[in-house]
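All chains are identified by letter, namely A, B, C and D, in their written order; residue positions are counted from 1 within each chain.
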Amino acid sequence: MKINTLLVGLLTSVTLVVGSAQAAELSIVSGDTGNGLAFLRSQLDKFEADTGHTVTVVPMPSSTTDQFGQYRLWLAAGNTDIDVYQTDVIWAPQLADQFLDLTEAAKDVVGDHFPSIIESQTVDGKLVALPAFTDAPALYYRKDLLEKYGKTPPTTWAEMEATAKEIMDGERADGNPEMWGFVFQGNAYEGLTCDALEWVMSNGGGQIVEADGTISINNENAAAAIDRAAGWIGTISPEGNLAYMEEESRGVWQLGNSVFHRNWPYAYSLGNGDDSPIKGLFDVVPLPAGDGEGARSAATLGGWNVAVSKYSPDPEAAIELALFLSSAEVQKERAINQSNLPTIEALYDDADIAAAQPIIPAWKEIFQNAVPRPSAPTKTDYNEVSSMFWSAVHNTLSGNGTAAENLELLEADLTELKGDAW
Amino acid sequence: MATEALAPPAAGAGPRIKSELTQQRLRAARWFLVPMLIALAVVAGWPLLRSIWFSFTDASLNNLYGAEWIGFGNYLRWQVLESGTVRWRGLLVDGAWWNAVWNTVRFAFTSVFFETIFGMIVALVLNAEFRGRGIVRAAILIPWAIPTIVSAKMWAWMLNDQFGILNDLGMRLGLLSQKVAWTAQAETAMTAVLVVDIWKTTPFMALLILAGLQMIPKDIYEAADIDGVHPVKQFFRITLPLVRPALMVAIIFRLLDALRIFDLIYVLTPNSVATKTMSVLARENLFDFDNFAYGSAQSTLLFLLIAVLTMLYIWLGKVRFDGGDR
Amino acid sequence: MTATFDLWKFTKSVLFYALVVFIVVVSVFPFYYAILTSLKSGTDLFRITYWPTSFDLGNYASVLNQGSFPRNLLNSVFVSAVTVIGALFIAVTASFALSRVRFRGRGLLLMTILAVSMFPQMAVLAGLFEVIRALGIYNTPWALIFSYTIFTLPFTVWVLTTFMRELPVEIEEAAIVDGASPWVIITRVFLPLMWPALVTTGLLAFIAAWNEFLFALTFTSSNDTRTVPVAIALLSGGSQFEIPWGIIMAASVIVTVPLVVLVLIFQRKIVSGLTAGGVKG
Amino acid sequence: MASIELRNVRKAFGAVEVIKGVDLEVRKGEFMVFVGPSGCGKSTLLRLISGLEDITSGEMLFDGKVVNALAPSKRGIAMVFQSYALYPHMTVYENMAFGLTLEKGQSKEEIQRRVEKAADMLQIRQYLDRLPKQLSGGQRQRVAIGRAITRDPKVFLFDEPLSNLDAALRVATRIEIAKLHEEMNQVTMIYVTHDQVEAMTLADRICVLRDGLVEQVGSPMELYEHPNSVFVAGFIGSPKMNFISGEKAAAFNAETVGIRGEHIAIVPDNGTWSGTVIHTENLGADSYVYLEMGTEEPVVVRLDGANDYKSGDVVHIAPMEDKIHRFDGAGKPIR
């Protein structure tokens, strides 16, 4: 906190010294939505007041795939109209060449952030982006139903499966034919990579591609984890789950038609909305663990960062903005207003946050189990790797081959894609 | 002088006489075509050439300007392994690509086929005189008027297995025994995409055919009525031949559009292997994956494939484009 | 005999109207459902109803208040209208040349124009982006108007060429004898005869431009220059994954209504056109 | 007001030559009719004169000046088309005034005066506000003619103007056109038709075309009485001239002899020839008897008043000797 205030003060004074003629016009592009944008604007207003710069927000569609394509094209063409980009946690290695190295500028503050997050944004020793907030999913469960059937929140997938089945059957017999046991993100897209990575990782099956670049996915634990998930489809999860993304699964869950639900923190406040049928009837716990060797709960690391375009006409002011947006001050505001998880460890013990968003300190436990997707080792090939992985998993879930078969093919494909090195 | 020796005899077999009229018309034609040609050259010509050029390089979006020429490597290349076996690589031997080609062609022909039939029916209905025709005409256009990204999402919503109204309707009417995840299952995904596309683009077809119908002089029908020609026969003998030029053009443009189908599938079933088309695959490689050159090669090949299919269509359909008496 | 005849006639008109109703229901139902959805909010969205259960205009209010939607609507109108006018202007003259003047390479030219429509939009994106930046029109409506010609122009040229070819030669010759220049022939003789084709192609091109998303997203980078489809894609719920169905549907309804009005205005023109009258005996 | 001269005019569409070297002079104020079977090039010739089609080679002169390349509108011509070619979206008035509005320096009043004058000539004044589709075929054609008159042309071109009208209207309009020619006797008129009756009734001179070449030019009676070939002889006159070849012709020292139906008399016996009646047609004022007598086509005899011959009757006929046309093997007359 102190350092930050100091820094902001320092920068402000620098600006003042250099003169207000140096006030820059900046543009930040953001795929953030609704309240998020409003929040961003409010913070930028502060920034403008502090520094004399003006910042325009260029909103983008919330689809991360759309954003990524646009940003790539803009950056490839050397677009000078955008100074600062909001980036997904997995993009850093793919866009690293087009962003400025922030190591020097952020050397005083990097220590405050979770090292794992800083690591995820560092490519070949270059700090590509500064973290703005982080994200990690949890297992949502229906307090009322678990109580009714005398169950405790599950800690292993097997336990979750059994509980889900029992309650689902019971509820269906009780007159809710729409009841399901568990909904998650099963469509063939990045979300499935997240979900499946959790199953594999929690079952001791590694993280697809290890940090050193080894392709580890073709192993028994991984296969067992994915096979187990395939078993859910049509039993505790609807067939349609194969097409669900976050919103579809939340729809089922929020109508009260599922016992368990895997989702990001955003579903928490929405589930407690005034018109929600399950308001106050649910809670969250870390995702279950598997039962293989080295099994532990695992949550895929999400989150957003800010990066500075190397084509920015005014890089210094842009860096200033990036530092501001990742500062403890803004992150605290963000946590309180947006229930976004801070990347600064100290904020989890912050009393104001705990008071405003009691869920956040609880999420620290979940966050500590967070695993990054293998974007760092696979570098520019990450999207293709992820696509191959989710396709293999989706095939298995759809009943096209067993996990063992599909993972073997996946390994071959990945090896080919990797070539000599990522 | 040499030129005089070459000059033809003054009378008789002189050079073709170009009258003022012909000259005026040719001059006008030139001026009329110039703006179009300039517009197309800049807006399409240059970008096309860029893309084709990229397809012969190792370009990636991270390094667009430092791309190096690699010839046909993106299309076909080979590698001799230590064991001596030759491994073929590249677009032409890429299974995913050919799957996409098959999906695209299947999709395009099926959808255009049904659109033509439905479009014709709708156009004939709209060409008839009845009360409330204006309202119906406006209603027909609604599917075409809704932005594709929205209608795709809307249908995704309606086709949803849990809260989709179509499943609910099917269950209520007893057409479905259980809720179907239309877009999720490989077997139904293509059908779902087809239904939405046909729904969405039939108005386009209908309107163009209607315009064609409107250009047919009414008295031809009156004459046929007096001759006692059966309406069905009238349709095949009078309507169809007369509306054919308009119909052929409508089909060409729908076909071109359908072969490039992107946004609908991108929104409805983005990653399903059963519906992934050439454009969707090309986008993936161009922007999502780090394979800009490979994606350019796919675009180029897509262009060639469409060109071949169009030629075939024009040749088979005997579409006249150099006709006209003047 | 008369009775059976009447019965047949009656059945026929019943069948006809049944067909009309069927067509209308199929076309409009999703739109109706969109309206229905646009009047809902919150968890209600996930509940299936066939009739309006609530009448909450909140979604409409938030669309019109959110960001710069009214501005985007104006942008769309401007971009689409100028695109269509430009395309029709270029296409009418070009198609006169293509359909009515004999010159070498005419077939090749038509084929080339068609070929422009064959290239996937995705593939020209990068090249087009360079051109637009080079022209200095990036992030202005002109970037969109310019790039939209890639799909409106070939289409309008082809359709109008086809229709113009069908116009009787003798009318044109009469005009030539009357001393009309090609320009006069186009503007004073052909255009009035081509209303159905013009209005139809214009309308189809208008809607295509109105609905275009990819170029609109790529070639603009501020809320003030964006068009409606992008604005709709930008409509968002409170948080990252939340899809604001109600608002999106409200926006879609708002966006679709002008087009319906447009059709209603122009529908006389869609169906007038070449009446037998002075052309054929 | 204008004389037209064609000197070895040729027209080819690609490799196909349609007009194969035509020399022709149309005199000032003359009513010239181009007649011939379909495909003979008569319409093309008219279009060459109009300037709508370029001539491939040769020379075309209006009043002695070469107009090969002159635009139609500058030739001082007006044209009436087979399909009327009215502008469907303009009223009758606008149709007629269109050409004048394109000319520079025409005042509104002058245009109105000329349109109304033409309308009065054709008695279409009451239709001036109507659209073409609200008129009958005959009225439309009169409007088309009126449009041509309004331009005050030196040369008036008609391209089969009556072929879209029914028989009664055709006669009426034909008379209308003949009257027009009388009123506008200083205007040169060229009229294309495939109907020899129109040609005979309207023309000052007829030009018979065949296969892109002029077969014969002359006044109707010249053509009727002294056809230059079997072709012209057969084309001009109704019913068609009878042609008899073989032995019967040899008796007249000719390859073929031609005799018109009206120049044959039926005689009780001792006729030149005899034949069997196969068909008779009674038209009231006159009647036709068709005879089978070993010729390619039956021989037609035209009689005044009605007759009561029946099929199967054998009759003797006698041609008027001085009306017999004798032709050689090339179809040329032997004089």
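Basically, contacts are C-beta pairs under 8 Å (C-beta built on N, C-alpha and C of every residue); 3 or more make two chains touch, one makes a residue touch a chain.
Values in this document were obtained by computation on a predicted structure and should not be read as measured data.
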Each chain counted as touching chain A and chain B at once: C
Per Cα centroids, the chain farthest from chain C: D
Chain pair showing more contacts of the two, B-C and B-D: B-C
Separation of mean Cα positions, chain C and chain B [Å, integer]: 16
Whole-Å separation of chain centres (CA-atom averages), chain C against chain D: 52
Inter-centroid spacing, chain C versus chain A (mean Cα positions, whole Å): 40
Interface hub residues of chain D, defined as touching at least two other chains: 52, 71-72
Multi-chain contact sites of chain A, meaning residues that touch two or more partners: 73, 76-77, 251, 255
Chain B residues counted as touching two or more neighbouring chains: 21, 24, 64, 162-163, 283, 286, 292
Inter-chain touch pairs (all): A-B, A-C, B-C, B-D, C-D
Residues on chain A engaged by chain C in the complex (per definition of touch): 27, 29, 32-37, 56, 58-63, 66, 70, 73-74, 76-77, 79, 81-82, 245-247, 250-251, 254-255, 263-264, 266-267, 269-270, 273-277, 338
Of chain C, residues touching chain D in the complex: 168, 170-171, 173-180, 184, 188-189, 192-193, 274-281
Partner chain D, residues of chain B touching it in the complex: 11-14, 16-24
Residue ranges of chain B touching chain A (in the complex, touch as defined): 60-64, 160-163, 179-181, 183-186, 269-273, 283-284, 286-292
Parts of chain A lying in touch with chain B, wherever the complex brings them together: 65, 68-69, 72-73, 75-77, 94-95, 97-98, 178, 186-189, 238-243, 248, 251-252, 255, 257, 380-381, 383-384, 387, 390-391, 394, 398, 400
